[in-house]
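Both complexes shown next keep chain A, but they swap its partner, so chain B is in the first and chain C is in the second.
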Partner chain A sequence: MYRLDDFYDLSATLTDYPVTRLIGTGVGNEYNQTLSQWVRQDVLDELYHCFSQLERNNDGQVCPQALRHQLLSNEKYGPIARNIIKMWYLSIWYKMTDNWSMTYGIPAYSSPVIGVESPTPEDYIISNNAYIQGLVWPLMGSHPMGAKQPGYGTWSDAPLNSIASIHLQ
Partner chain B sequence: MYCRQPLRTIETIDDLHYNLQLAVELEFSTLPTYLQALYSIKEGSNTIAYSVIRSVIMEEMFHLTNAANVLIATGGSPALNSPEFIPIYPTFLPDNEKWFEARLLKLSPQALMLFLAIEMPGDLVPISMITIGKFYENIEKGLKYLDEKMGADLFPCGTLDKQIEHKYYYGGGGIINKVTNLDSALFALNAIIAQGEGAPNKHWDPDKSFPLEDTTGIESGDHQLFMQPRELSHFYRFNELKKGRRYVLGDSHNSGPTGPEININYDDVYNLKPDPQSGDYIHYPELEEMNFNVNVIFSRLLDQLHLAFNGQPKTLETAVCTMFSLKEVIQILMRNPIPDNELGEYAAPTWEYLSPEERTLSSIR
Partner chain C sequence: MTKCEQFDVVIIGAGISGAIMAQQLGAQQKKVLILEAGTGTDGRFFNNNDKKGYESYMDTFFTAMAKIPNAPFPNNPNAPQPLVTDTRNMSDGKPITNNGYFVQMGPNPFASTYTRSEGGTTLHWLGTCLRMLPEDFKLKTHFGHGLDWPISYDELQPWYEVAETMIGVSANARDQNYQQIDNPAVHIPFREGYDYPMEKIPQSFLDNYMNQGLQGMSVTIDYHHYPIKVVSTPQGRNGMPRGDYRPVGAVGNQNLGQRCAGNSNCVPICPIQAKYNALKTLAQAKTTGFVEVRNQCVVSDMALDEYTHEVKTVIYKQYTDTQTTDYEVKTVSGRIVVLAAHAVENAKILLAAGIANSSDQVGRNLMDHPTMLTWGLMPTDIGAFRGPGSTSGIPSLRGGEFRRKQAAFRIEIGNWGWSWPAGAPISTVPDLIDNKNLYGAELKRAISSVYPRMFRLGFLVEQLPDPNNRVTIDERYKDQLGNYRPVIHYQVTDYTRAGMAQAKQVSDELFAYLGVEAYTQYKQSDPGYVTYQGEGYSYNGAGHLVGTHIMGFNAQTSVVDKHQRSWDHPNLYLVGCGNMPTISTSNPTLTMAALTYWAADNVLKALEQT
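The block that comes next holds the complex of A and B.
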């Protein structure tokens, strides 16, 4: 598994969940594998290096401004970082733009050849189990339909407190 | 656990209540043992082992309810919400079986040996050794004695609304009947013996074929208790897993299972630390906090069950929801390896009851 620890460290900062909670989903390996499937290894190496160089606060947490400026706003790393966040929360791999893929993606998956249908699929759910483990469900105080049943009658209960932590503008 | 004593003759209503409370504790104390193994199975793997263990767990909860209903029907009050209700594992079971200890283990051959010991038919062990079946037979004897001595007073009025109804139960064999007299009390306790050990009478022949049809269909939980020819007792269900084969038509206790193979892949199991204690996570604050969260939800569950068995049966619905939450947080914990552990062990819950004061996060810091 390519640089799994680095993947978890970066993911923890990007999702704002502790590494243990991410490991607890049981699907981190699948996400990391998916990432390696679509992003070139040297680009991933650069991404992890960039992340390791980010300024940190006294508590060891990455400074949010540095994260925004140097990683999320970066033309090369930003799309990867956003896709990592989306994987954890929504269990979906979102297709990268063709431009980005041609420059930083894995050719076998991402090079559109003229006259040949591109093998790049559209957005897809990473796996059955990943869908169930999406972090968006507990965050909403909900559950994936048809899986992780919360029990008879819960539909009449108020959502959990965690929903209050989302501030919609 | 409440004070344990060897089996003794039940002569007073207090003796009876004491033993039925022990029965409730006994049934509950098997659950962490079975659940630890169940949840150690990796997602989507070992499906037969998963469904077998799960089916037994559903029926242990049925047994607990039956014992609690008899206790309520005879004027007692089950107590479930205290630290003493839950043993510290490894532990002897509350019915004073001293010949093995219940533990918290991942699914493994060793765990299956333990499960077989828990469900051991009384006829397979020396007469002096206590089994769950013998423990219940002693209670049945006491019930009959007291019924003769006290008559209608043994089952006071006003308990029906406090008892748990069948509508709350699903996913396992057996029917929850409210207890109103000696017959219904014996029916409830017989169900426990029959489902667990599968040998409820003294005239048991180890060479006699099990009442099986062509297939064993152990998952079926919808048959009525005494009309469920395809359902094996817990002991034999676990023996199928241990032997790696199904019982089929013509098989007996002595023949063992001769049917199709059951594959168990012990690599598709999280390598849980055996018999974990909360002190094990003291150097790993994130694991400590997750285990603490498990215990908070577990404690909430016990509070809700206590209410459900003490006059508010509808609380059982809420408790079932809490059971689902408990499963989720336990699985999250179990997927985490313990850092620096030389044996490559994973974190596992410690199953502790916390008082409401202990449930604030600051109590572990």
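The block that comes next holds the complex of A and C.
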């Protein structure tokens, strides 16, 4: 698994969930694999290097402004960071622009798995299980629609959103 | 062609109407064949090697990007089905002939869909099981337009009870008679001492919040005051049984689906089958030992006996799999033939066969509930995105004197936030990340402080029967098996638009009463965008396709008689919402099921006579 620890580290900062919570979803490996499937390894190396510099420059605490300046607004890293957040929340890999994919990505037509003609695949849900583990559901005080059934009549209870979003950490 | 098999009854379509018919007849030891166009799961819940079970629908659902009503069910070009994502804006005035299954002639797009798989459209229905109001059966008499039914509420009443028991409806009769609403037009008489087989499904936190918040609210239409009352909705969904009634669990796994477990996914698919679907009735039909269900058989034609005008044979195309067009043409015959293929498909088959149409009403009077949504944010967390899709509504304006001038409507309270109007959360969260540039704690706050407050209402507005709203067929438009695609002419008239305008007015007052922050937006580019008196409104499809082969008082003006029998062919019965001459404000399936139990009784009597 390519640089899984770095993937979790970066993910924790991007999502504000502790690494333990992210590991607890059980689908981090799949997301990391998805990332390596569409982003070139040298680009990932640079991304993690950039992120570790941000950590190092500020005693392990990433300064939000620096993160925006160095990473989120960067034309190479920004799209990766946003796709990582979207994977955690929605379990979907979103299509990068063709231009980005040609420069930094692994074009889809070179992938034996998907083999489409465009350089980028269409948006897709990473797996059944990943859909169920999306972070957006508990954060809304709910559960993935169609899974993790909360039980008869629970919809009458007062919402417990604050517990789901804050105390779960 | 192979030799023609004989049955007591041949039923076309394995949806709820066909399943009810088969179960009732099989129980009386009549030999029944159901021909079903779609593929099926053959009573399996779990996948069994290469044989797919109900759980395969869940797998398809989980990984489908667009979680539309037909998302879990196979895309089958041999029995194609309409998709909500096919619907397009038609303001340029041009027909749409090549986008999806329907050929849309306009002027407005028809936005509703159905499912062509074993079990039919109840695989993805919501399960709302309302009775019609007594006045709904006599629109012409009371309001001077629309049509009267040849059957009254009182006559149908016992069949409503049968249907509610057989579907398994959860509700309390003392709520559903609407006596608590100070508008006599909506009162529904129930038989003294009757109650539903299961107690009402618990109302959502939102329902209860609204119930309290709306105390004392009323609206004024033409100097009449109508109280706004929140009432729990009767649902074909397992709850707490009354007396010795026992809920029917999932087909293929009876331990599942004993009670609704709150999967919040009734449409497009209940993972545990706590929600009724027609597979349950089909399973009961099969256990009689007299019913055979034959999947992958698309009925395309029927042939008549020259002298008796009876339907002599039913002609179908049996295909081997969904991805190739290999098929064999076969025929069967039945002493009685029942067409139960859904309103649009029933009309299509009759038009293709050129039968049952001496009235020229086949395909005409197509109706739906143009459904207008309004949405906003509640001032406080109401726990959105939990529970069945809707557990309550506001039925106060289902009837009243105003129906002389404008459409009545029922208000549905949605439990799933903005999932219908905006595709939340899947379609809306990316915007927070990509455009609002949120990440980390800010992103969390944005979601947790807004999404649980999301709120929407749905207004199901009635349409009147209009002979120009119709399903036709055309040689130019066929599917890959050579069967006709439905060609649809559809218009939302001013009567309905006036109802939409009234609905918006009620919504505005209700939002103001509760302090809802409104986000409703109707865009000119919406497929269902219409205007009325200079204001724009958008409708969606409800999936309530009604009126394509209406029943009536005589053979000149209707397709079937009161007994649901074709006026033209003595051994042909039609069932389904196509028989209903008006749609009014209730989701149509319970009424249709009641009519189908009545029809089955009539078929039995007819079989006994011959």
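Quick note on the criterion: the second predicted complex is superposed on the first by the 142 of 169 C-alpha atoms of A that agree within 3 Å, B and C clash if a C-alpha of one lies under 4 Å from a C-alpha of the other, contacts with A are read in each partner's own complex, and residues count from 1 in each chain.
Operating definition for what follows: a residue touches a chain if its C-beta (ideal position, glycine included) is under 8 Å from a C-beta of that chain, and two chains touch if they have at least 3 such contacts.
All values derive from a computational prediction rather than experimental measurement.
In the three-chain model built by superposing on chain A, chain B fits alongside chain C with no clash. Once both structures are fitted onto chain A, a short way to say it is that chain B and chain C open up an angle of 70° at chain A, using Cα centres and rounding to the nearest 10. Look at A:I23: by the touch rule set out above, it reaches chain B but stays clear of chain C. In the overlay built on the shared chain, the residue A:G60 is in contact with neither chain B nor chain C. In the superposed model, A:A81 makes contact with chain C only, not with chain B. Of the two partner chains placed by the overlay, only chain C lies in contact with A:M145; chain B stays clear of it. More residues of chain A are in touch with C than with the other of chain B and chain C. Shared-chain residue A:T154: touches chain B and chain C both. In the composite built from the two structures, the nearest CA pair linking chain B and chain C is 5 Å apart. Counting contacts as defined above, chain A residues 149-154, 157 meet chain B in one complex and chain C in the other. Of all residues in chain A, only 18-21, 23-26, 129, 148-154, 157 touch chain B in the complex they form. Of all residues in chain B, those touching chain A in their complex are 42-44, 286-287, 290, 317-318, 320-325, 328, 331-333, 335-337. Contacts from chain C toward chain A in the complex involve residues 58-59, 61-65, 67, 202-205, 208, 239, 259-265, 269, 271-272, 381-388, 391, 415-417, 419, 425-426, 429-430, 433-434, 437, 439-441, 443-444, 447-448, 451-452.
Against chain C, in their complex, chain A makes its touches with residues 13-16, 64, 67, 72, 81-82, 85-86, 89-90, 92, 94, 122-125, 127-128, 131-132, 136-137, 139-143, 145-147, 149-159, 161-162, 164-165.
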